[in-house]
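Same chain, two partners: chain A is paired with chain B first, then with chain C.
Now for the complex of A and B:
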């Protein structure tokens, strides 16, 4: 039975549970809801929750854990010699999985009969041909152990699915029945629903957190793998970045890190003053009408995809800078792709981040502060400089650090605007590259995934992650420390 | 004794610090203050009383043009400070506010140190030539605000860390530091407990020796305690203005009498 069907059936049982539990509760007080502990619908919700919550939870766990258990069992049954013959157990299991899927597809398309698919003594060349016919990509001729394993896997999958359907639906029915039994006049259904809602929210929050943990772990394992085959002292100590996929490459992080920081600093030098001044104008000087128009307009900047900014850098800003600083002008710039190009465009991208957040923060400074200052005979700009901005400072610092995290993580603008040359240089008109841009180029190359040239991407990603994490923690610290200054 | 008489009269006329004539205030379409005439004397505490929304705070804010910061607010008529119309084009509201200081309903110390709170006004008006000068001004203002003894050991601590009553006295000291001639107080005690209130009231009485003080208050007892002159506002009109004792014991207008005896408001 397909999962969707199981899901719909569980929901159906839940709906039934709602109706029955609600009616039973009402019936227990002779249809006068005033005598019930909770509103009738709460009994209904309880019926729905009892029916669906555990059933769906079991369904999800089964879907995740089931294949893992089956695969482990099938792998254990593979003859030892076969595993040694193949490069690794992972590769072999991938092949088994492919054949199993292929058999399923072939049966579904009518190329194979169910009997033939389960036949352990089938003709191998014929089977391979039929699987290819069914559109399954198979790297080599199917061997006997692989076919056996695939068939075993299919069998196990089918049993598992049947049991899953039975277990989930039984749980749903049991839950609904329990709720209906409990739907009596004095039962505190409202409190039960309240707890149910709470656990639902807890679930949502923990999914977000667990995903983060998962991302970090996936980075971490590959990073450890990288440092096993490439010395960390070289990675953090070398000043050269010259990956060569033939081997013998130097993978020093410094040129990339320098490029990242240089471009980010230029971007912030553009974005912070402009964004902050725009925010001050919008929140302190502009009339409400102008503000209601100008603020959304400014925020449109934040909605432009970064690839469009990249094109803007490549096609407009680069040539513009060349015409001023290039060979016909000051002669500092060789090509349109440079740190300056990417930095300027990235700065423009960050303006709405800084201005929108700062604007909200400046608006949150109580009017009493401004009144106090005006009442002492201060002008508007004196008030802003000496009272409003200091009071809003923690929030503004937070906004700037958030923008910095964005700048450090930005990729597309760098790829198109800053070039691809990793170098350590102080000249902002030279091409450089950043950590993120190199992660893309290292992973999209032809390198063997197990080579240091490809794995270095994870080490770079991990370094970047730690840097932005530190920035965010620092921002949080600043905001916490100064948050209660005015009140 | 007789030749003292003309002299006394001159002092009386000189004594008028602020005089409003036919003052009207509009908030958009709403006519908030209707034709108010009032004369505020120097070295006197004048109390504005009246029910909520009667326009007493609005009128107070006209006296140092704080209403200018509200876009839809429009003021008509004349308000003379030392004989000069403060709504004249050549008057700079920023300078006016240095002369007519203001203390607000809720204590609003800046999120700065106690010292910087007091030094804020003198700094922006360039009243101190040196750091030593500034130190003197800060100490003098804090003493006048009757808070020096409590804060002298922690001038570098934030002003927001003080208690409510201390914060309000800090704000009064801050207003005093710019050497104003008039001090406007908009319900300065409404956020304070009784002890802090009595401290601030004592302070107001002392301030009278140097400034003309105008105080808006909801508490009639407070008006009776601290003021010499009282003005009663009702629905945007100035109903009655006179000696505090006379207003509270023998009001001429029936509306004043009803308010004071608690029948309206």
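Now for the complex of A and C:
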């Protein structure tokens, strides 16, 4: 039974629970709702909640845990020796899963009958041929243990699915029955329902924690896996980055970190002066009319998707820079994709980020400080330079750090605008690459998922996550601390 | 201060006369102001350049150069084409032959050179074959055909390919352009609005003329459905808890810190999360809009939570107090009174969060939603969630990464489509805010 059906059936039972529980509660007071503890609908909600909540929770847990348990069991049943022969247990299990899926699809397409698919003495070559005929990707000839394991897996999957359906629907019915039994006039249905709803709210709020945990775990496990097959000393010590999918690649992080840093510095050199001066003008000098036009216009820059900036870098800014600094001009630049291209465009993207954050911070400086400065005879610009900016400095530093973390994590602009060559160089007109760009290229290639060339992306991701996290925490701390100062 | 008094003694001017020092200070003031204005002007200048280059390079993508011809194919010719090994090539030959005979009738191009016509035409064989297989009755009848010209001829019309810059190749020879000019005069080659770009699907690397963004628009649509259905209820529930019920304790603090950090985590990290958790761990299908939607949901949740909390906070406490005063429970006060009043603000925030998610590219690339996957339309509504598809920004990226220059134009055109969607969403958000926002 498909999951969607189980889900709908549970919802149906819930709806039934609503109607019956409400009726029963009303009947217990002779259809006079004034004698009930709660409004009649709360008894109904109770019926619905009791039926659906536990059942759906079990359904979700089963869906997540079921395949893992089955895989463990199938892996344990594989004959000894087979695992040693294969490159790794993961690869072998991937093969088993592929064959099992292939069998399922072949049966669905009618190439194989159900009986033939689960036939324990099926002929191997015949089976492989049939699977290939059904358009299933089978990497090599299916071996006997793999086929047996696949068949075992299908069998277990089917049993698990049946039991899941039975268990979930039984739970739903039991829950509904319990609610209906309790739907009496003195039962505090509202309190029960509200407690349930409150737990759901807590659950929704915890998703933020779960996401962070998910990010950390998925990065951590794969990074550990990576360092098991590739020495960490090389990753952090080597100065070359040259992955080759055949093996024997050198995966040193420094060229990527340098590229990331260099591009971010150029981006900040563009964004910070422009953004800061724009913020100063908007908050200190601009008339309300200019402000109401210019501020939204600048903020449009922040709403434009990064892919647009990427294309802008690749197709507009790159050729433009080439015509000035290229072979026909100054002769400094070889190709349109370079650190300069990506840095400039990223700087444009960050302008509104710096300007609106600094604008808020400058506005938070108390007017009394300005008035004091004017009273001593300072001009407006002197006041800004010598009083407002020093007072706002910690906040502005925080804003710049947030912008830096944005720049470091930016992907599409560097993928399209910065080039693909990883090198350690000081020339800003050369192509370089960044951590984010390499994450994309290592994970979208054809590399085997268990190879160091693919797994290195997780180590890169971990590095990126830690750097941006530190920057963010530090920046938020500064900004918050500063805000409190003038509150 | 000693200096100042000393200066005052030396000064001979009066208040009406500006002394050099004041002049310097005033000049510094004017300069400083000018820097500020220049910064704003520069920012707006960048915006204008960006808008200009999008429009200039993107608008041509919406038109295409076509060759129209009345075809009359006999059953014998069809049989012959079907019997060969290269069926589409045989159909292309049929078309070339018919075009050639028509050109001779009208006296165009002098000696007819089938290869030259072949270079002018785009990929005709497939469309032709598909048409005749779908409409067997049309065999032997005159049928009007409009097929794409080759992408280089298209580029000639759009100024991408020029006579001077043309290097003879097997794709286009300079003399072909004379034939093209004559055909244009005869009205056989025309430019028209390209519905195929808006409604079509991605084509192979060798067929830029046939590539369309329609399939990936659908992919984006299915993703946005997932994001809306998941992130709105979860985001609202989380905000209600944090704003109205959460006690001040460690757990609440952890959640708050988490949300503000997640809002600043690079989007690519969410892509890694999606790859590891949804595809590797939970074995959900690769390249599916469902997975893309899940990843984008996690990514937009912090945005939605932050804006929802702001609009919940904007509802004055007197509303809650009044509800509690007439005997509502805390839950009833929130769900019956606070939430409806905060709804416009919540919706606005959600739409802006969705718009942000719509333009996101990097995480989609990691879960396999790259452009060339969008080769087929989804077969049904529910299948649309799990069948491999792409999304608008990922499709644009794929086009931009291809080497054929003709795809760049498609990429710019795709950006116009994407920006139109974003504009519509933001406009709705602004209208909602203007109409329903309540000032307390």
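By our rule, the second predicted complex is superposed on the first by the 273 of 487 C-alpha atoms of A that agree within 3 Å, B and C clash if a C-alpha of one lies under 4 Å from a C-alpha of the other, contacts with A are read in each partner's own complex, and residues count from 1 in each chain.
As a working rule, a residue touches a chain if its C-beta (ideal position, glycine included) is under 8 Å from a C-beta of that chain, and two chains touch if they have at least 3 such contacts.
No experiment lies behind these values; they were computed from the predicted model shown.
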Q. Who does A:202 touch here: chain B (first), chain C (second), both, or neither?
A. second
Q.
Output check: A:255 vs chain B and chain C. Expected answer is one of first, second, both, neither. What do you get?
A. neither
Worksheet entry | First (chain B), second (chain C), both or neither touched by A:376 | first
Dual-contact residues of chain A (chain B, chain C) 379, 382
Touching chain A in the complex, chain B uses residues 64, 66, 69, 71, 94-99, 101-104, 106, 108-112, 120-121, 124-125, 158, 160, 171, 174-175, 178
Chain C residues touching chain A in their complex are 25-26, 28-29, 31-33, 35-40, 42-44, 46-47, 49-50, 53-54, 57, 233-235, 237-238, 240-242, 245-246, 254-255, 258-262, 264-273, 275-277, 280-283, 298, 301-302, 305, 329-331, 355-356, 358-362, 365-366, 368, 370, 393, 396-397, 400-401, 408, 411-412, 415, 418-419, 422, 426
Seen from chain A, its contact residues with chain C in the complex are 64, 67, 97, 190, 194, 197-198, 200-209, 211-212, 214-215, 218-219, 221-222, 273-278, 280-282, 284-285, 294, 297-298, 300-301, 303-308, 310-312, 314-316, 348, 351-352, 355, 379-382, 384-385, 402, 405-406, 408-412, 415-416, 436, 439-440, 443-444, 449, 457-458, 461, 464-465, 468-469, 472-473, 476
Per the touch rule, the chain A residues reaching chain B in their complex are 287, 366, 368-379, 382, 386-387, 390-391, 485-487
